[in-house]
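Quick heads-up: structures coming right below.
Common to both upcoming complexes is chain A, partnered first by chain B, then by chain C.
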Partner chain A sequence: MGNPGYKYFKGEDWIDPTPPPSDLPAVDEVGSTGAPLKSASFFIGSVCQEYNEDFMLCKDESRDPKHCLREGRKVTRCAMDALQKIQSKCQREFQMHWQCLDIKNQEFGRCREPEKAYNECLFSAFGWKKAVPGAPENRPQIHERIPLTD
Partner chain B sequence: MSNPITQDLPPKGGFANIRYERRLPQRGPGGVAMFLICGGIMAYGWYQVHRGLDERRELEREKIWARIHLTPMLIAEADRDEFRRKCAAVERERKIMEGVPGWEAGKSVYLGSRYAPDIIANVPIHQQPGFKDK
Partner chain C sequence: MPVPFESIIPFAIISGMFTVTGLGIHYAHYKRNDGKPVRYSLDDWDRKMLLRDKQLTGTDRGQVDNVVAPKEFKVNSVWQVHHSLRNAFW
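This part shows the complex of A and B:
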């Protein structure tokens, strides 16, 4: 913790250990790092689309964090559920893909080979299909193009 | 003097024609062919350029949508943390200002109802009584 070599700016000082108000329902945090989240992002986006859109519409009403706690809990639970589903059926492919993203600067274009196996596994397990919204429809999507870009 | 004056005259029948036109052997493709070849090279190059631009645009689109799909989850998490910290800060404020009559802990400094985030981060050690004197 803290910035190395800078003892006057301690990260520990910014921690607030106070628990949230007890009248709020408890919800676990996703607690995932960037690469697994990015790897799962399109599936979280498609599975949790209703909750996500509901939450963003709520945020559009008011920026107050208190205003959308209920919708936010649903969003978090849905994302965790999607991640757990991926872990349960396609753990190896998921791990190959997000570890590739981790070492390749989180660029999808440089992890097409693991992604292919990962997408196929998820499609056969749950019927989830990765689709980039707004992509031109007369051409295959970027992750389905042959040859896959390295 | 039987030698008559002779004038310098052309030979009988006149001089042969001087070939002043440029007569180089025909080498390589002609102008139209050159134009077409260069045009073909250019067309292939532009085709590749546009393929690359298209791929880059689609990669960018993919990246942006990956972030868009994650945004609600990240905002929800940050909101819960912000709300928790705000509640803790209000509680600290209430404890500090206990003895002051008419003080409302957590009351907005603005008159409007629009939400305004705290300008100063709610850090516990900064919000202890006597912190500034240390």
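This part shows the complex of A and C:
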């Protein structure tokens, strides 16, 4: 079997020869890389919960990419909106947190001090509180448990 | 008679070889990861995220926190290319 795309592959200058059709509504793409997205992940998840759930239920019906384009556009726009809000109010703390995550293998447990300042800033700016979904209700959340006991 | 200096030479050579190997590996990791510590315990999500980061910034470990991606991002995905030809390590 031949290698698809080999004819066009020129090292790093790859441009997709089959872009999406122009009759679809245009949507910008999220421009953040992995560490900022991971840093903002819980807040994007809490703000955009309805759109994300819609998208996942839609994907559950069918894995065909054409089936869920509309829900996907909504998810993208909501995530961009959440990121825009974070950047507008808490940019300094956000940067400190994701730069720490980038160095520490993107593990939350190794970056608690910047995360504390970041959560406080977001709570005072928007009232967002980071909560791990599915955590037991009667125990404190793991990012508030310092020092760790039992 | 005290310890002759000739007997230390092989130990020095062996330690030198370990040092050179260690420094060489450290330098290789440094170059490959833009000076950041190596990413370990990568699962499929992390590998695909590294591929996306490469699409956005040109290197696996480059990070940007823009809200909107540049317009080249829509068409420069190497996902269509056979995996042995992409510059990916998996």
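We adopt the following convention: the second predicted complex is superposed on the first by the 129 of 150 C-alpha atoms of A that agree within 3 Å, B and C clash if a C-alpha of one lies under 4 Å from a C-alpha of the other, contacts with A are read in each partner's own complex, and residues count from 1 in each chain.
Methods note: a contact is a pair of C-beta atoms (placed from the backbone, for glycine too) under 8 Å apart; a residue touches a chain by one contact, two chains touch by 3 or more.
Just so you know, these numbers come straight off a predicted model, no measurement behind them.
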For A:C90, using the defined touch cut-off, is the partner it touches chain B, chain C, both, or neither? Pick first, second, both or neither.
neither
Is A:V30 touching the first partner chain B, the second partner chain C, both, or neither of them?
both
Any idea whether chain B or chain C touches more of chain A?
B
Scan A:D102 for contacts with chain B and chain C and give back first, second, both or neither.
second
Would you check which partner chain A:F55 touches, where first means chain B only, second means chain C only, and both and neither mean what they say?
first
A:W14 in the overlay: touching chain B, chain C, both, or neither? Say first, second, both or neither.
both
Who does A:R73 touch here: chain B (first), chain C (second), both, or neither?
first
Touching A:F42, do we find chain B (first), chain C (second), both, or neither?
first
Touching chain B in one complex and chain C in the other: list those residues of chain A.
14-16, 18-20, 29-30, 37
In the complex, go through chain B and note every residue touching chain A.
54-55, 58-59, 61-63, 65-73, 75-80, 82-88, 91, 115, 117, 121-125
Residue numbers on chain A that touch chain B, as the complex places them
13-21, 27, 29-30, 37-38, 41-42, 44-46, 48, 51-52, 55-56, 59, 62-69, 71-73, 75-76, 79, 107-109, 132-135, 139, 141-143, 145, 149
Seen from chain A, its contact residues with chain C in the complex are 3-6, 9, 11-12, 14-16, 18-20, 28-37, 80, 83-84, 87, 94-95, 98-99, 102-106
Would you pull the chain C residues touching chain A in the complex into a rising list?
36-37, 39-41, 46, 49-50, 52-53, 56-58, 61-70, 73-78, 80-82, 84-85, 87
